[in-house]
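Pasting a structure below so you can have a look.
For reference, chains read A, B, C and D in written order, and residue numbers begin at 1 within each chain.
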Amino acid sequence: MAARACSAEASGYRGTQMLTILFDGIAYGMLLFVLAAGLAVTLGLMNFVNLAHGAFAMAGGYVTVLTVNRLGVPFLASLPIAFLASAIAGFILERTLYVHVYGKSHLDQVLFTIGLVFMSVAAVDYVMGSSPVFVQVPGSLQGKFDLFGIGIGRYRLLIIIICGLLTIALQCTLAFTRFGSRLRAAVDDSRVARGLGINVNRIFAFTFAFGSGLAGLGGALGAEILGLDPAFPLKFMIYFLIVVTVGGTSSIIGPFFASLLLGIGDVAGKYYVPTLGSFVIYTIMIVILIWRPQGLFARTSSR
Amino acid sequence: MTVALETIDLSKRFAGIVATSNVSFRIAKGARHALIGPNGAGKTTLINLLTGVQRPSSGRIMFDGEDISGFSTQKRVGLGIVRTFQINQLFGDLTPLETIGLAVSERRGQGLDWWRIVGSRHDLVTEVVEILERFHLSDVMNTRAGILPYGKQRLLEIALAIACRPRVLLLDEPAAGVPEDERHEILSAVASLPAEVTVLLIEHDMDIVFSFADRISVLVNGALFVEGKPEEVASDPRVRAVYLGEEFADA
Amino acid sequence: MIARSTIVAATERLAARARWHPLEFAFWISAFSAIYLMPSQHLILTEIAWLGLFALSLDLILGYAGIVSLGHAAFFGFGAYAAALLAKYEIINEPVLAMLAAGAGALMLGFVTSFLVLRGSDLARLMVTLGVALVLRELANRYGWLTGGADGLQGVTIRPLLGTFRFDMFGHTGYAYCLIVLFVLFLIARRLVNSPFGLSLLSVKGNPLRASAIGISVDARLVAIYTVAAGYAGIAGALLAQTTAFASLEVFSFDRSADLLLVLIIGGAGYLYGGLIGAIIFKFMQDYLSALTPQYWPFWIGLVLVTIVLVGRDRISSWTAPVRSLSVLMDWRTLRSSQVTRPPERTFQ
Amino acid sequence: MFSKSMTGVIAALAFGTFAAGHAFAQDTVKIGLVVSMTGQQASTGKQIKAAVDLYMKENGDTVAGKKVQVILRDSGSVPDNTKRLAQELIVNDKVNVIAGFEITPAALVVAPLATEAKVVELVMAAGTSIITEKSPYIVRTSFTVPQSCVIVADWAAKNNIKKVVTIVSDYAPGFDAEKSFTERFTAAGGTVSEAIRVPLANPDFAPFLQRAADAKPDAIFIFVPSGQGGTFMKQFAERGLDKAGIKLIGPGDVTDDDLLPGMGDAAIGTVTAHFYSADHDSPKNKAYVAAFQKANNFRPAFMSLGGYDGMHLIYEALKKTGGKADGDSLIAAMKGMKWESPRGPISIDPDTRDIVQNIYIRKVEKKDNQLYNVEFATFEAVKDPVKEASKK
């Protein structure tokens, strides 16, 4: 009797633990999505492999650190600033540099963007120093509270809310606005879209800037959880790439689910089998890519 | 007659669309067989099926009485079923010399030979040169295929197929897009193909068809419509209606 | 009736690509004379030698078969750990044999993983190759009892070469050893790319559809060359491990694969010398920069990459003009060897 | 091919003359400083570099009639680079001392060179105990991980902490920390309910912390390499563990002075044992901190001391040998050297060539709105416990 009660309690406890882990995983996943969404679009739209995407995320992160810690801007207010800063940076780079590389081979694109990563890493190191930095997050966002025994980290909750809203907004833009339809047309087949008189380049420039902005926002939000130092773009590049390759680039729903899978898998893996490391994730990625080279969620109808 | 290549109820469907429906026809050994039909009649699909680029949804392909439906492209090439392409599919970076040299060494099963230097085999080179000469390519044998004049590229296309020693040769519009003055070279090359080689010619140009073929199959909407001797087909009213009529309308 | 002269000419032309050019002799003579002329440089020259071999192996798949890889370090690392472990646990004490064994191991690994890169877009290939390297890195990290994990494999002692030449602190033995291995493997590679097999690789790279239409089994050829390249990379790794008597997780790192691409691109892909020349330029450049500004040299490396791409690899390669002329004489194909990947088709839809 | 011989020749000339020039210039003592200025350990490398520069600024670059010259090389945190760079410094630049090494593998991989070339290897950071045993020419001015761990173990046992979960990074110093703490703590009657190891490369501590928290210990013992402490502390707070009454103890790496200011109030109350705090109350340290912060815009962290005292050790040794700079005389002079460092009184153990220093128990507190490790107990002249144990 007592034994059963106790075991039941234990299992209940385990249950809530699982939910806590799930919660963390979702938060992590959503963060990854916001970070990688831009990459997915640029890839789908221009078939452009941008390994330097993480650099924009890092930029956003450092902007937040500067505005909050040095200028004393409130944390939440600094997020849009981070977004804008990265977006502008993205726009300028796109117009000045990236635009010359679209026509080139994937190898060229990889070389080019890796080069940008190296440069950004060294540059930030020069300006900000190489030790990790932290955003002074308001106390109201620190710590956690319990909800039916589930540990809810305040900050992670914030992440889920913001990223959730962003995702919905993105999906709606793509689904219902004129821009969205043009974008989808361009992603489906840029040649046809051009034929229809859609200015693919302008759409791309805008999307690129927006994607960079999202990355910047992600970087700003992520600094607290992922940590922020000059090596950021290199550390997380792999994760972004996993998200887009596994998720496919024909829609943003694919990358979204891929991010969630990755986030939950990563956190749960570390909690339940801490000894296993990232081994599982990489293996799964390879398997998926062999099984579905176009990505897990790619539309199969398209040739 | 001895049958070289035969299809039995061959069908191919893509996502609902029927590209080839129950095509059953035979090509006699040494025949000069033409396959004609209006655009979108499924001629190219049929070739893809015959060469193994695509797999049939149903039906069989027989070669010398052997069912080869499941064979890979390269295996069929090994058997002697070789094709040319309607749009040039050449190795832009290779010269005709190298292209033919490659094809010959592959045919001789020396493709995995990684130790001997290309051209170290005298008999091979002789054969290569012979083919180049036959297709009037020896003068341009050291020019990149990518920058050859179009007519020469078409010749190389055919020469490349011949280098594989075909027993059945599938010619997909060999003269397509070749300016008038260069055509005769191609046509004579086609005409001078060794008699023992069975030829299936896919062609739009009626002059070529009727000057060349001793048997004609008409394909309409993926199905075999009419088959017979050139004069029969030419005189067949349905064909005139469906196909030639259209042709004339176009002209 | 065929003109004999044509046959002779044809034979000439077909054999031309394989003929040795004076500049090539000069290259190797100066490389070997460095054993005596630049004793103070042997340490860095050693690195150049194995890096050159590593880049050569990438050239085999990238320049000759058009396979893009961001994870070539997988085989390099495998070879390095294999050699180091063989020495540490005194399984094979003679370095040359150990090196060959390591190479063979990497070769097998290459064969197994080659089937992963047959299909899919460039990006998928990039990710798969990268993934393989990451997985190996994780494994090496997991099995710390064997590999030393994050601390690297300590306590490796490399026995004297052929039982007589010990690896001295000045890298004299090391350089001679690496250079000879490099030279032998280069000869084999050179032979290979000028053979009918090499020609068929170019055809597969240029137009797989057509290649299969003349009876070439494309997949088999890709598997073959990928396997060979993996073996080369493994041997390069083994050379690193043996000359430093050490192996750490870094051998698998992404940066290594990325640097490797840079090395090959600097020299130019598709004529075998690209990797070697790239290694020379890259190493001296890196050495110079990192001595000049120890903190921020990656910035300049990055700048070089970006510039190379923006200016265009073909044009950049012209600043290695003498080298180029050599390559041109050897094989005009290198003028376009920069087309290592087909123009991006919409593979991601 | 041209470019090869060209580059080769140029390099040969450049380096050649270089090396030659040095070979003749016997009146200079050369110190090869191999640290990572880029890559994972960059922050550590920069601390050391800054301290070395500071020392030379304060004490000039001539000692015992010799000109001291430091040649800096970036190892990029890659051990096999470290080996080659060290090798080149020894062979081509003919350095008298080879110093730096913030990661254990780097320090170990150079040991055979030091022995073969009879050159002093001065370890300014890496903290694994065994290092100094790998060559008779190795001397260490930083610390050994166990030094702090056993002290904090004693302290925990005395301050009714019964049940502990250990979290360490998955590499040699981590194992040292885990081992030395666990042995000492369990010997004193405590229990370690779970031992968690986190991957060294870009870690996400959250899941591990959750796991630790679910074990409901009195305290979590943490060791992570300097530089990762901040992220850890953030996530410790985010888990709400500070509120849950779970104490945080460990060697001082986690509350690295360099990062402490950014950690936020979550860090307050963390009890660590370590050999240096920027808050250490001595005139020498006050001066050191002031000068250091003036020269760089960051606080001196414990890692900087290895560099500062390392230079001091070299200078003093040279004075003692009257400028004789060969490996044997230098190492002989260094053994048993005693002096007052900003961190407090320290000496070099003549038997092990390892550092002997005070270990302080500190608690993170806010002083004039800045977080500091405030020392409240001192254990004097602590030797490396691992070597001590092995002696018995």
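Criterion: contacts are C-beta pairs under 8 Å (C-beta built on N, C-alpha and C of every residue); 3 or more make two chains touch, one makes a residue touch a chain.
It should be emphasised that the depicted structure is a prediction, and the values quoted were computed from it without experimental measurement.
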| item | value |
| --- | --- |
| Pair with more cross-chain C-beta pairs in contact, given C-D and A-C | A-C |
| Most distant chain from chain C, judged by the mean position of its C-alpha atoms | B |
| Separation of chain A from chain D, taking each centre as the mean of its C-alpha atoms, in whole Å | 36 |
| Geometric centre distance via CA averages, chain C-chain A, whole Å | 34 |
| Euclidean distance of C-alpha centroids - chain B vs chain C, Å | 41 |
| Contacts with 2+ other chains: residues of chain C | 141, 295-298 |
| Where chain A touches two or more other chains, by residue | 122, 125, 275, 277-278 |
| Junction residues of chain B - those touching two or more other chains | none |
| Chains grouped in pairs wherever the two touch, ordered by label | A-C, A-D, B-C, C-D |
| Residue ranges of chain C touching chain A (in the complex, touch as defined) | 62, 68, 70, 116, 119-124, 126-128, 130-132, 134-135, 138-139, 141-142, 254-255, 258, 261-262, 265, 295-299, 301-306, 308-310, 313, 339-344, 346-349 |
| Chain D - residues contacting chain A, complex | 38-40, 42-43, 46, 196-199, 202, 204, 206-208, 210-211, 214, 227-228, 230-231, 234-235, 237-240, 242-243, 258-259, 262-266, 297-298 |
| Partner chain C, residues of chain D touching it in the complex | 1-5, 7-8, 11-12, 15-16, 19, 37-38, 42, 46, 72-74, 76, 78-80, 83-84, 87-88, 90-92, 104-105, 108-109, 112-113, 116-117, 170-172, 199-201 |
| Residues of chain C touching chain B in the complex | 2, 6-7, 10-15, 17-18, 191-192, 194-200, 202-203, 206-207, 209-217, 221, 224, 333, 336 |
| Residues of chain C defined as touching chain D within the complex | 23-24, 26-27, 30-31, 34, 37-38, 40-41, 43-44, 47, 141, 144, 149-152, 154, 169-171, 240, 244-248, 250-251, 273, 276-277, 280-281, 284, 290-291, 294-298, 320, 322-323, 326 |
